[in-house]
Amino acid sequence: MENAWIIPLFPLLSFLFLIFFGKRLKGASAYIGILLSLASFVYSLLVLFERFSSPTHKAEAVWLTIGDIQLTAGFEVNQLNALMLVIVSLVSFLVHTYSKGYMHGDDRFHVYYAYLGLFTFAMLGLVLSPNLLQTYIFWELVGLGSFLLIGFYFYKEEAKKAAKKAFIMTRIGDVGLLIGMILLFWQVGSFEYDEIFAAVAAGSISTTMITLTAILIFVGAVGKSGQFPLHTWLPDAMEGPTPVSALIHAATMVAAGVYLVAALFPLFTASETALMTVATIGAITAIFAASIGLVQTDIKRVLAYSTVSQLGYMMLALGSAGYVAGVFHLMTHAFFKALLFLAAGSVIHAVHTQDIEKMGGLWKKLRVTGPLFLIGTLAISGVPLFSGFFSKDEILIAAWAHGNTVLFWLAVIAAFFTAFYMFRLFFMVFSGESRSDMSHVKESPGVMTIPMVILGILAVVAGYVNTPWFGTYLGDWLTEGNAALGHGHIEGPSWIMIVATVVSLLGIFLAWLIYCKRSLSRDWLGAKTMYNILYNKYYIDEFYELTVVKVMKFFSLFLHYIETFLVEGLVKGVSAAVSGLGRLGSKFHDGQVQRYGTVAFVGLAILIVVFAVTGGYLK
Amino acid sequence: MNFDYFLTFLVFSPLLGVLVLSFIPNTKESVIKTVGFLATLPALLLSLVAFFQYRAGVSLEELSENVRWVQFADPDTLGNLFSINYELGVDGLSLIMIVLTAILSTLAAVASMYIKKEWKGYFMLFLLLEVGMLGVFAAENLILFFIFFEITLIPTFFLIGKWGYFEKEKAAFSFLIYNGLGSAVLLIVIMVLFARTGTSNINALASILAADSQNLVFSSGTKMGLLIAMLIAFGVKLPIFPLHSWMVRVHVQAPPSVVMLHAGILLKIGAYGIIRFGMGIFPEQFQDIAVLIAVLGVVNLLYGAFLALIQKDFKMVLAYSSISHMGIVLIGLGAMNEAGIQGAIFQVVSHGLIAALLFFLVGVFYERLETSNIKNLGGLAKGMPITAGFLLAGAMASLGMPGMSGFVSEFMAFLGLFKELPILAAVGALGIILTAVYLLRAVLGITYGKAHREFAGVTDIRNKEWVPALVLLGIIVLIGVYPSVLSDPLTSTIETIIFKIGG
Amino acid sequence: MSSVPISAYLALALILFCIGLYGALTKRNTVIVLISIELMLNAVNINLVAFSKYGAVPAITGQIFALFAMTVAAAEASVGLAILIALYRNRKTVNIDEMNSMKN
Amino acid sequence: MDLETLLSYKWSIMTPEFIILGVATLLTLLDLFMPKSVNRKVLGWIGLTGILAAIASLISLLGHGPESILYDTFRLDSFAKAFKLLLLIGAAFVMLLAISYEPKEGITEYRGEFYYLFLAALLGAMMMSSSGDLITLFVGLELLSISSYILAGIRKKNLQSNEASMKYVINGGISTAITLFGMSYVYGITGTTNLLDMARSLLALTDIQHIYLMGLALFMILVGLSFKLATAPFHMWAPDVYQGAPTPVTAFLSVVSKTAGFIIIVRIMMVVFFNTPSSYIPNSMPLLIKVQDYIAFLAAATMIIGNVIALRQKNIKRLFAYSSIAQAGYLLVVLASMSVFMFDTLWFYLGAYLFMNLGAFAIIQLITQKTGSEDISQFAGLYRRAPILAIAMAIFILSLAGIPGTAGFIGKLNIFMGALAVEPAHYVLVSIMIATTVVSYFYYFGVMVQMFFRPAAEQEKIKLPIGLGIVIGVCAFATILFGVAPSIAFDFLHENFNSFSDFFQ
């Protein structure tokens, strides 16, 4: 554990190596990526196991001195970090492997792996960071990695737009985070997490300041985790290769926002307002994204919106002081959402389309992918005995226990939506007859299926590390020795669990009626307008286009005119005046010698008169 | 580093090249270019030696030189007053600037491979320019500083006007006139200081004014006036809004190698001057207008960013981004605390490197595609993947991606300002977003998307071109990852400044 | 005996000077212009002589100065006329306002 | 006075004047009796040797203490020595220009006169620089003026030349009259023509009317002499005359004659009006200090007019006419500021101006006399045709524009220092000076653009006559030398003229 710092270096190595020499060893570059990511995964596991037995470890060195301020860089391994390490490195490793099949034959294969390496490095660095500054640094680098991978197919206009959007949207959040952390710094005099917590605990910071900074930092989380209103980039980010979506936009990076809030949990708990904000935003995002998910027809977009809504769940959990619930759901979600994306990838790989309207009846064709996709769907829908069930249950309990009744019911509805649209997706893809020519379709190679299988297993079992029945190991472990994080397990009325189960089953049943049994008409939404609103994601993008973008453009133009007419014009004016004076003067030199004499005489006269008048010689 | 006239030799070593060149016929292109390149090396080596010696703990005092140069007054009557000495000397700050100058000059000399005609004259002027730039940072004496300052003016005028692009002469003249006015104002300030105190040595002046708390030498109004004038003078160079329009023109019209130096060093002389003389000689007055400086900084930052947002020509984008980034320097200075000042200096260095890199890359693809208009480009990554990669890296550095120098400086500058004027700083922070927006718009517009043209027969960056790109990016990343390499040498300088302003 | 006060001489000189100046600046004929200049110089001579006799500190030097002035004036006039002749050969005019081949 | 007294005078201090006089006479006779066939250039070389001899003798006199002979009409003080040196050097260069002056027509048969008239003019200037009496001052002035009238019109067949000299005569006459009128008042009030006696008697002046009369006299003399300096308000003749006169004459007018003008102005102003009280109250401020602002105003006007109008010039000689007007304006700033450095500054700047301007005129002469056209476009592509010439011209222009590394810059620096060191400091004046300097960049660098950026009309190389070669070489060298190591000049100044302390004794 003393040298956990080595974990991020493996992927970094792979990045550097591939970026410089990748071109030479084409396909082989995959193995480098896979091996190195495997290495960091193994190492993370070791760290995790070591962590069970030994206390938090932290090591730092001075990075930059500003006068008497010393900014440090280092790493820390506490429960949360250790857990995140494992999740990230595992998913990363699986995606590395999976990609070997999925990206097979792409002529920029090595670049792809290099980017993956860069991203993994950043993500691991992020989870190891012991202080806000370092977190911010890796936070940005993670964004860079995601930006690069979204724009991997750079020649596609959409990819370009999506990458740009992702970068800028998250950047907006990041500035919030930056401001927040700097303000916090001048309050605390340090970026170190524990010193911040100490200051908060000591109450040396005014509550308003805490609220302000907490919310600003949360803005950063909103940007990264695609929370409302900065969520629009995440669905577009699906332009990237599917495995990337699995890694970055499902399991790891988007969860970074949640992680950040979790990591700064004591700061948030110190301000009820901040907590409330987090919870509200979370709940709104959950229901909002889920509702959009109901009608999308692009397999990846549906998953993307489900991701957004699940992240909303996690925020809701944290906002309801449900530290464990949030982290727990983060973990389970990482597994089953990664699984779903990989499965979707495998489907796309097979049928070469993302439009679910064109799919159908793939159950028979994709013997491995189908069941795995089903497992993922069940897990996310919160069907009992699957991992999602337990974590979602925790969240609902937390929300209820914290007294956010409204938010609680919103979450419940969201759960219903989730179950419904996920199974809508499942049925439309796998059941019934194929709605287009599917003759060529065949199952993906083992290199792709095996990672899915592993994730499938995890999607089932991961829930059992923290259950009301067999004990809340995860919770107890996460919270041990840190009261600020709340209890390992929050007690809640048992009916919540039943309600949750019922709604999810209801959703599934409804979806089955409509899309499998077809006993209900498909345009169940009746009102076309409603459908359009949902289908166009509440016209949020258009709204931004109309307001922010337009205003900025206008303002730029305005300044442009200032530049051309005021700034430039002033200069032109002056020079024109000077040369005008010159013209005047030279007109005067008209070669008439007597005028020259006259000028001299007049000059003399003026001097004498002025002298007489001002000199005081006239009496 | 223990022989006399080390600095003199450092500063004037490029003249050796001029000497050699004068014996080479104008037709021997490759020879001339080689000589021109080699002539920049001595300065580079010496400056690096000095730098590492300093890092190793050798004091810079022993480098300073002082020779009597000219005595205006009759020594019998007025003694040593009104005499100008030839005084060179460096501290951490100026040493860093010298190193930067030497590095960029060498790289620009490499980048001069794109010069198509009259290489001899070109390199003679080029080397003269380097002498001027090195001298500016080595001068310990206002008048000497001014002399070197003006010496940079003339070669630049010719380099722009003769080897530039279509509107070169217009650009050259507006460069000359704006900077002429700037230096005129500066000259007034310098002469007032010199004529009223009888000395032009920076430290002497600083101590005289420090001792003059009752405003006997100058009325407080005069001091403020002098400081403002100085700000205007250096504001033209920096440039500070609204004195910037010349610089846009220059960046668009001048040949890439010259722009590398111009954006890399010449603009920085403004910042250096403000720190060295503004803060160094008029600390109290500077403190009084610190807020104004910060506001100007934010204005620069946003103004440049907004205008960069709608430019069609990539060079224009970069030009306005330079304005915007100089805003960060002002922000840092306006903060008037360690973080701010250090951030400002970091920004000076880092923007020097980044701008040089980006303009070099512009040169690379302009050389092949004869356009820098974003509309006509696009999909560059298909034809020239490596160039595109560098371009992207440069853009990332410029928009303050951590791990690169841009972030460190930006971060420190804002860290500083947030302590003093949080609201203003928050407004300025919008600039960070805008920077991302306009840079991505431009760079992605060039590299990503559909190719508007086929890149048949277009070679990617190759052999000699690797050098500047790699070296610059390397240094940028080095500073980004290990900023102490810069901050350690600066410690003493910043401490003195902070001490002066009683912070 | 009552003598003419010096102020009278000075006034005369001044008037003469002004007349000369007026002529020099307005007449078209170059010859007249040259003569007007002579007039101005003679005004000076009157001053000098008057001063040397009735000045605050009478002294002979004034008259000597006057002599020098006259000589110089003569020289100047002759040179002027010579040049005028040369010019007349080329230009075929003595009108001063037609001498404007050079202007901007 | 009898022979003894005459012999008792220390004539040796007049050696330089005698040499010039002698050579001038010699040339006259030679020109008269030499057969027409002989090329008169040899006379030029004789004249040059004469000037050089004069310089030598002057240098030998440098150590000589202040002395005045002929009833204090001729005095040899540091001021005289210092500025005579400038005059002689300038004249030497002009002589070289004159020797290699080959216009299309209208000089050959007057070459002889050309040379000895230069010497006569020079003699006049030298007399002025060391005359201690109003009369000699005036005679010297006129000797200079009249010779230069003729010089300006030396190209008898050339209309422009005639016209130039005609204008010169007329304006010159007027200016002489005005000056003289002023002088007559001064004489009238003091009753003497000896400068120092005047000063003494003026110190006791209390009658307010007399003081006002002195004021009138001051302005008359100032305006009258501003004709020689070509400064406002009596500057307007300069462009026409400079354009029409033969180039060496133009050079002479713009350098030697201007220097002479400053010499006489300083003499009269500093000796006479500096000792005139400005009011009846005993030991009130000197009249000269009182009118400081007027002089400053004239200086400002001159700088503005010269630099601004120059922007529009296409004819190179006209351009340099305006440029020299502007330079005279800079020099007036020295007078206006009246600092302790006044003489040093004046001397150094005049020296620097001498080198840079004569060098420039040498090149102008070379370029223009080939084609006869004086349009700036003649300089197009000079860098291609004759790189050395172009670089030399660049040096002179940079120096005129006051760019560091050249003598011009040090001179300007010195002027600023003087103007700001006095109390109250002339901030406005200095600002105007610097601003107009920046304006001057436009036309100075316009010439640069022609030489370096524009393509040449015809490509054939330019061959450099020996005379011009020497001038250009020496001037370029000196311009750089005094720019890089000005201490040479200043140390010389401080060692030999101990800050002109003997000016008033």
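We just call them A, B, C and D in the order they show up, numbering each chain from 1.
Rule of thumb we're sticking to: contacts are C-beta pairs under 8 Å (C-beta built on N, C-alpha and C of every residue); 3 or more make two chains touch, one makes a residue touch a chain.
A quick note: this is a predicted structure, and the numbers were derived from the prediction, not measured.
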More C-beta pairs touching across which pair, A-C or A-D?
A-D
Let me check something: if the centre of a chain is the mean of its CA atoms, which chain is farthest from subunit D?
A
Distance-to-centre winner among chains (Cα means, whole assembly as reference)
B
Centre-of-Cα separation between subunit C and subunit A, whole angstrom
97
Based only on mean CA positions, could you tell me how far subunit A sits from subunit D in angstrom?
79
Per the C-alpha centroid definition, the whole-Å distance linking subunit B and subunit C comes out as 65
Round to the nearest whole Å and give the separation of the Cα centres of subunit A and subunit B.
37
Got the subunit A residues that touch at least 2 other chains?
586, 589, 591, 593-594, 597, 601
For subunit D, write out the residues touching at least two other chains, lowest number first.
166-167, 170, 174, 178, 239-240, 309, 312-313
Residue ranges of subunit B touching at least 2 other chains are 177
If I apply the definition of touch given earlier, which pairs of chains qualify?
A-B, A-C, A-D, B-D, C-D
What does subunit A use to touch subunit C in their complex?
586, 589-594, 597-598, 601
Parts of subunit C lying in touch with subunit D, wherever the complex brings them together:
13, 17, 20-21, 24-25, 30, 33-34, 37, 40-41, 43-44, 47-48, 50-51, 55-59, 61-62, 64-65, 68-69, 72, 75-76, 79-80, 82-84, 86-87, 89-91, 96, 99, 101-104
List of subunit B residues in touch with subunit D within their complex:
68-78, 82, 143, 146-148, 150-151, 153-154, 157-158, 161-162, 169, 173, 176-177, 180-181, 184-185, 187-188, 191-192, 194-196
Quick check on the complex: what are the subunit C residues that touch subunit A?
21, 24-26, 33, 96-97, 99-104
In the complex, subunit B touches subunit A at residues 174, 177, 241-242, 244-245, 303, 306-307, 309-310, 337-339, 342, 379, 381-382, 396, 401-403, 407-408, 411-412, 414-415, 418-419, 422, 425-426, 429-430, 432-433, 436-437, 440-441, 444, 447-451, 483-484, 487-488, 491, 494-495, 498
